[in-house]
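Same chain, two partners: chain A is paired with chain B first, then with chain C.
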Partner chain A sequence: MMKKNVWKGVFFLLPSMAGVSIFVLLPFLDVLRRAFTSAIGGQFVGISNFQSVLTNDAFRQAAGNSIRFTVICIPLLLLSSLALSLWIRRIGKRGGFFKSIYLIPMAIPVSSIVLLWKYFFHGQGLLNGFLHLFGISGADWMNTKYSFWILVFTYLWKNIGYDVILWLAGLSAIPESIYEAARVDGAGERECLFYITLPNLLPSFFTITVLSLLNSFKVFREAYLIGGSYPEEHMYLLQHVFQNWFRDLSLDKLSAAAVLVFFIIFVLILLLKNRLQKEDNI
Partner chain B sequence: MGNWIRSHMLLFFLGIFALLTCYPILFLFGASLMGNPEIGQVLGAILGERTGFVRLVLIPLYPTLRSYVEILLDTPEFFIMFWNSVKITGGILLGQLLVGVPAAWVFARYRFPCHNLLFTLYMVLMLMPFQVTMLSNYLVLNGMGLMDTQLSIILPGIFSTFPVFLLYRFFSSIPVEILESARIDGAGELQIFLQFGLPLGSAGIISQAVLGFLEYWNLVEQPLTFLKDQRLWPLSLFLPDITLSNAGMAVTASVITLLPALLVFLAGQNYLEQGIAASGLKG
Partner chain C sequence: MQVTSRFSGHRLLLWLLCLLLLIISLTGCGNAAPEGSTSAGETAKGRFLEEELTLPEDITMVETIGRLSDGSLEMMALTGDGAERKLFSSKNNGGSWEEIALPKELDAANCPFTYAAAISADGKIFVNGGFGADGSSMENWLFAADGQGRKLDIPLKDTESSEDGSVGNFVSEGEFTEDGSLFALDLQQNIYRINGETGEVSGTAGTSDDARIFNASGNRLFYFSEGEIHVLLPDAEENGADSVLPDAVVEENTDNSYVQGDKTMVFDSDGDDIFYASHQGIYHYNTGGSVSEQMVNGELNSLGNPNTSFRKLFHINEDTFLLWAKDESDRDVLLKYAYSADASTVPDKELTVYALEDSSEIRQAISAFQKEHADIYVNLKIGRSGDNAVTADDALRTLNSDIMAGEGPDVIILDGMPVDNYIEKGLLMDISDVAEEIKKDSSLFENLCEVYKKDEKYYGLPSRFLLPFVEGEKQAVDAAGTVEGLASHIQSLAQNGNDNPVINLSAKTLLGYLFDADSAGWIDGAKVDQAGLQKFFEAAKTIYDADSDKENALDLETQGIANVGSSGTLDLFIGDIDVNLGTIGSDADLMAILSVNQQTKGKTFSYGLFNNQEQKIFIPYLSAGISSKSTHAEEAKAFIKTIFSEEVGSVSGNGLPVNRTAFEALMQQEEGASGAMAFSNEDGEMISLDMTVPTEEDVKALSGIIDSLDTAAVTDTVVREQIIEQGEAYLNGNQSLEDTVQTAMQKIQLYLSE
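Our next item is the complex of A and B:
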């Protein structure tokens, strides 16, 4: 294409590029420098900041919780939303209604969560009242190790509608003719699911995983509003550590941790992206 | 017959699930219309006022708008926070429209050196949690003297790369022939963007605005980190201690926070669904 046009077009990109560079990229170079220098004096200290991050008890506990959270939540969300979307598709037209209903939690403000979860999960809350009917005595859920599961529940509740829509978009891209051909050949529902639906959903699978991961970072909002800077230890996440180090101006540790997490996520995305592109070529 | 039962079982199950998903909203609306005595009866158990358990809230028996009057007339700090939220959310969305939309257009419609590298970079930045870029943001905001002003939230928000990524999907789907024929007719690049890009991508722009609204209406980390002065805080950080005397007000505050989000949600629902679906298309 005409070179001149391209350069004229790229001009529109400049404001965005400038902003991203000024607010994120250039200062990140400074963060990178800080990760390898001491907080006071700024001498080069090699990897000792990283060592002190990785041996830090708060960091280790939070990293453990965060990893556990991710590993549990994402498969749970992907599977439950896939099941729901398959069912929604099966009931046909009326499915549109449910699809919309499941999205509503997205609109509920985070600040309401504090009150809502108190109502549901307090020692004298609704859940325990319900369990009481069956003679089961509950706990003050938010102040026990179950607080972690409340966070898991929050994430599922908030994101299931989002993922259902993503799956439905993937499902609608599968041509109906494949199913018809398979049915003519005598394939039943089960065969259709395992040999047509699931393999064809693979490309969507990777993107949905990435987006679910992105949304999983946001549970910090709920965790913070419920528990503050130091919540019940089972919902103490990496984000808490970052926020607390920032507040205490432990910038050396904060820089090292930011660089560390940046590269972990970076590598994760590149791996997923490669998988994604491989799938596309099939 | 077996099929009929199965499909109705399915419907029943989906319905139960829908009710569970939405009950929190019903609870908030119901409780916001209760007077203090009724709220005390229903929620007393978690406010330390009663033994036993809370009661299931469905419909208030003695509906009253007292809590609404109280919060709208007698709680000026709530009003200020509401206005702060409007300013922050509006500022970010407007900025994204000016900066993000043209950027997405360029990524979708032009090929230039480093195109893929830059786009991958945008994608990576989009996926970084706030805490990773928090220090970077802080160093710049502090250098510019913007700490403790609302610009410290609005400016980094404007340059978020998520809208670029989302709109890229919408702009890419415009058939190339339309733009080619406009070029042959002698339209300039700016003209093509304004006359064809914007109208044809308008669904995407609205989708982005709806998704963005729900995101920025709920900001927690950014104001918490960059705003010390609580008078600048948005509504998402309005968390009164819930006691018997103000429980009604707390619930009502939640409802008023919820209302704009719910309106945007209902009005832009189709766009929201399109936007979500577009964010998931393989790229």
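Our next item is the complex of A and C:
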């Protein structure tokens, strides 16, 4: 009976597995092959593509910016969205209004956001006009090191609503009876948060972290539309390098870099999953 | 039991749905059959093939060709260097010609030249031309089929002679309809309907500023007026109603670049059937229908050559068309298109040529190649058509996707491409053998062929080039040894009170132009000299600020190259500016520059190469390479040889030919004036400029300059675009010099470090 059910499950998984295999796994195998061959002739070149990627200044700059962006953005996003979701849960029915408000940025097309940012942060934009009122001289913010922080702000602003919804879903799964029992035992808000809410949110934490990490790659759209193929160096992300390498037909380097990035993300996700599973078992 | 049965029914349904899903998914996958192909193993047959018919040997210019009601053709032409006019007849649709009697009044000694000529179906001949020994008497004559002629007095509108005695208005084009009416177009763009017997004007057709006649056929007149193609129908009343041809016919053919005689379309008709030829091909349209049917594909023959101009189309029968046209060398040709049931509908072999930007030069090369290789279809793919917002980067990514999918082009026009990357990746084939063969066949400016030479191998060859030049008084030309020197000279002119000392270019155009002329001095492969870049921006700003009239600045497309041409030379002539910057890319550019230099009064102008201190720079154009993945390498090599041929190179266009023989042929024209232009100068006085043909010494001097060229302009579009983008902000005062240099350097360094 058990074996029959397993086959049923496999059967239902087949369509999506077929899709993933055709559109993701097979192309990735091709990328894996190209990572060890020359761009055009297809000759085997060993690990030289990986060597040239790891010694490439542009790749290192882009990887550094991308890591910096992820390290700053993900914790900020997770913490701020968690705080907001706790607050929304706390204020009860009125929270519905705020949920909608925080989701609005997701509905705004990227091109509109970029246009807005250009008006706001341009050398002769609104921000500089405002600063001018106080006698502060402005700058073309998108062409300064502050452009990175504009990108961070854009990411937080756009994704916070989505993460709030995910946290709220996690929070709603925690039975109210646990809180009631704890309060009867004399637990305060702080104890409830640290000993009930956060431990129960661990499964959601994994999903939200992975989704936030993957969403962080999408910020390239904003960076590209603002600065083109060669933006201010602090906004220069891994996708810029990938895109430019593709334009220049550097598919050897592109494939090697893609394989590297894949394995780094894959390992990160596995580590996170293992860590969370361990904590869950404890 | 019943439950089990229902459950089995559900399972069966589920299986069927899954099977259906699988079939639907798989039907989307498979390679689509190529357009026009039939089932496996079959090749569609049947195509009109082009053949150039031989005209009588000594013809120098065909004046008119008419088709008579008995099916024969009559042709009036000047022969023997224009010394003699002859009338020919052909009973076999242009296969052979025999001379017939020409009315004596039309003897070249009595009528040295004609402006308009037409032959009617019943053999009448209409001529407007210069009569008298010196051709000074402008007259209209109508000759009956028996040769009896009489002068026609056509009462044209606005016929006022100018002070110098030249006639203000005359008939420039005439066409007979079947009913004997003569339709004539005058210089003032009026179309008259003239009684073919009496010469009386019995009505007018299009009278708009843009009116022009295409053709008359049967009792229809096809003409252009107010942006639309009209047909004056057989039953139209005089002055009367006509109809506008539907979009199915018009398509892209309402080209307003029409000049006298050079028609973009020609028509013929037979009952309800209308036939027309354009650069897209020869089409059939049935009156009242909503679509046209392509009979002859212009991509496979001379029709597609943008430099071919049409004169007349004759629909001989359902299998044959004749087309009288002028080829790219302005030579009269009679082309026969005959249907061959055995020829493949589309040639069996296909050669794909890819270019980022469209150009008449590449289309002309394709047409010349197609003429020589009827068994090969050349498929031209353009990366940026101009109809959409596709950037060069987008186009290159699409091209790379095609290459990686094994559907890349055979020949790549390298202008605007990341050529160094392509060579490094092994995408470009070593075409040293082609280079050697071209060198054997013709003499080349070999110093210009080295642009894409790496490790003693040629990976690409530029077929044309442009020369950045400076024109003005000696001090200006001498100052153009460096961009800073030129800027300093222009600044001193501005400081002496000259409001517009130099040609007024927009920031983008000026930066593009100066980049081409100067950047090789401070960009060396993967290194950009920051000090050089800073000096470049400073000099550009000085030149840009010398003229404050930014609203009227010349703004050109700078993608690829800033082909400023010789437009500023006329401003120099009328005294508007003191220094002209431009590019020599054609015989016309050289002619304009030399004419101005020779005829400007009060000042001595000359021109010189605009270069940086140590290098003599040229701008490569129409460079071609072959993809190492090409499956038609031999055909691709033949195509590159065609681009380099004298036939293609000697046609005036953008860029001088790298083929020295073609260059000499291009410059070799009849000496003397080849036209004149009149302008009013800043004091309102009228001054005229005779365009004089370069002398042998002029051509030698230019050849000497070309031989001394040693450095190709930087053709890296990414670097170029970044510098233009940042420089534009600086020139327009939106960014400081320091920020401009830093930002440009940072972006270029990022690019170079990739």
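Everything below uses one rule, namely that the second predicted complex is superposed on the first by the 227 of 282 C-alpha atoms of A that agree within 3 Å, B and C clash if a C-alpha of one lies under 4 Å from a C-alpha of the other, contacts with A are read in each partner's own complex, and residues count from 1 in each chain.
We take it that contacts are C-beta pairs under 8 Å (C-beta built on N, C-alpha and C of every residue); 3 or more make two chains touch, one makes a residue touch a chain.
As the structure is a prediction and not an experimental result, all values here were calculated from the model.
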| item | value |
| --- | --- |
| Contacts of A:210 with chain B and chain C, given as first, second, both or neither | first |
| Touched partner set for A:267, first chain B, second chain C, both or neither | neither |
| Contacts of A:124 with chain B and chain C, given as first, second, both or neither | both |
| Touched partner set for A:67, first chain B, second chain C, both or neither | neither |
| Touching partner for A:251 - first (chain B), second (chain C), both, neither | both |
| Touching partner for A:181 - first (chain B), second (chain C), both, neither | neither |
| In the superposition, chain B vs chain C on chain A residues touched | B |
| Which superposed partner A:168 touches (first chain B, second chain C, both, neither) | first |
| Which superposed partner A:15 touches (first chain B, second chain C, both, neither) | both |
| Partner chain(s) touched by A:193 [first = chain B, second = chain C, both, neither] | neither |
| Where chain A meets both chain C and chain B, residue numbers | 15, 124, 243, 246, 251 |
| Sites on chain B touched by chain A in the complex | 7, 10-11, 13-15, 17-18, 21-22, 24-25, 27-28, 43, 45-46, 51-56, 98-100, 102-103, 105-107, 109-112, 118, 120, 122-140, 155-156, 158-159, 161, 164, 183, 188-190, 193, 214, 217-218, 220-221, 224-225, 235-239, 242, 250-251, 253-254, 257-258, 261-262, 264-265, 269, 272-273, 276-277, 279-283 |
| Chain A residues touching chain B - in the complex, by the definition given at the top | 1, 5-10, 12-13, 15-17, 19-20, 22-24, 26-28, 30-31, 34, 84, 87-88, 90-91, 94, 98-112, 114-116, 118-119, 122, 124-126, 128-129, 132, 157, 160-162, 165-166, 168-170, 203-204, 206-208, 210-211, 213-214, 217, 220-221, 224-225, 238-239, 242-243, 246, 251, 254-255, 258, 261-262, 265-266, 269, 273, 276, 279-280 |
| List of chain A residues in touch with chain C within their complex | 15, 18, 38-41, 56-59, 61, 123-124, 140, 143, 229-230, 232-233, 236, 241, 243-252 |
| Interfacial residue positions of chain C with respect to chain A in the complex | 18, 21, 25, 393, 396-397, 400, 403-404, 418, 421-422, 425-427, 628-629, 718, 722, 734-735, 739, 743, 746-748, 750-751, 753-754 |
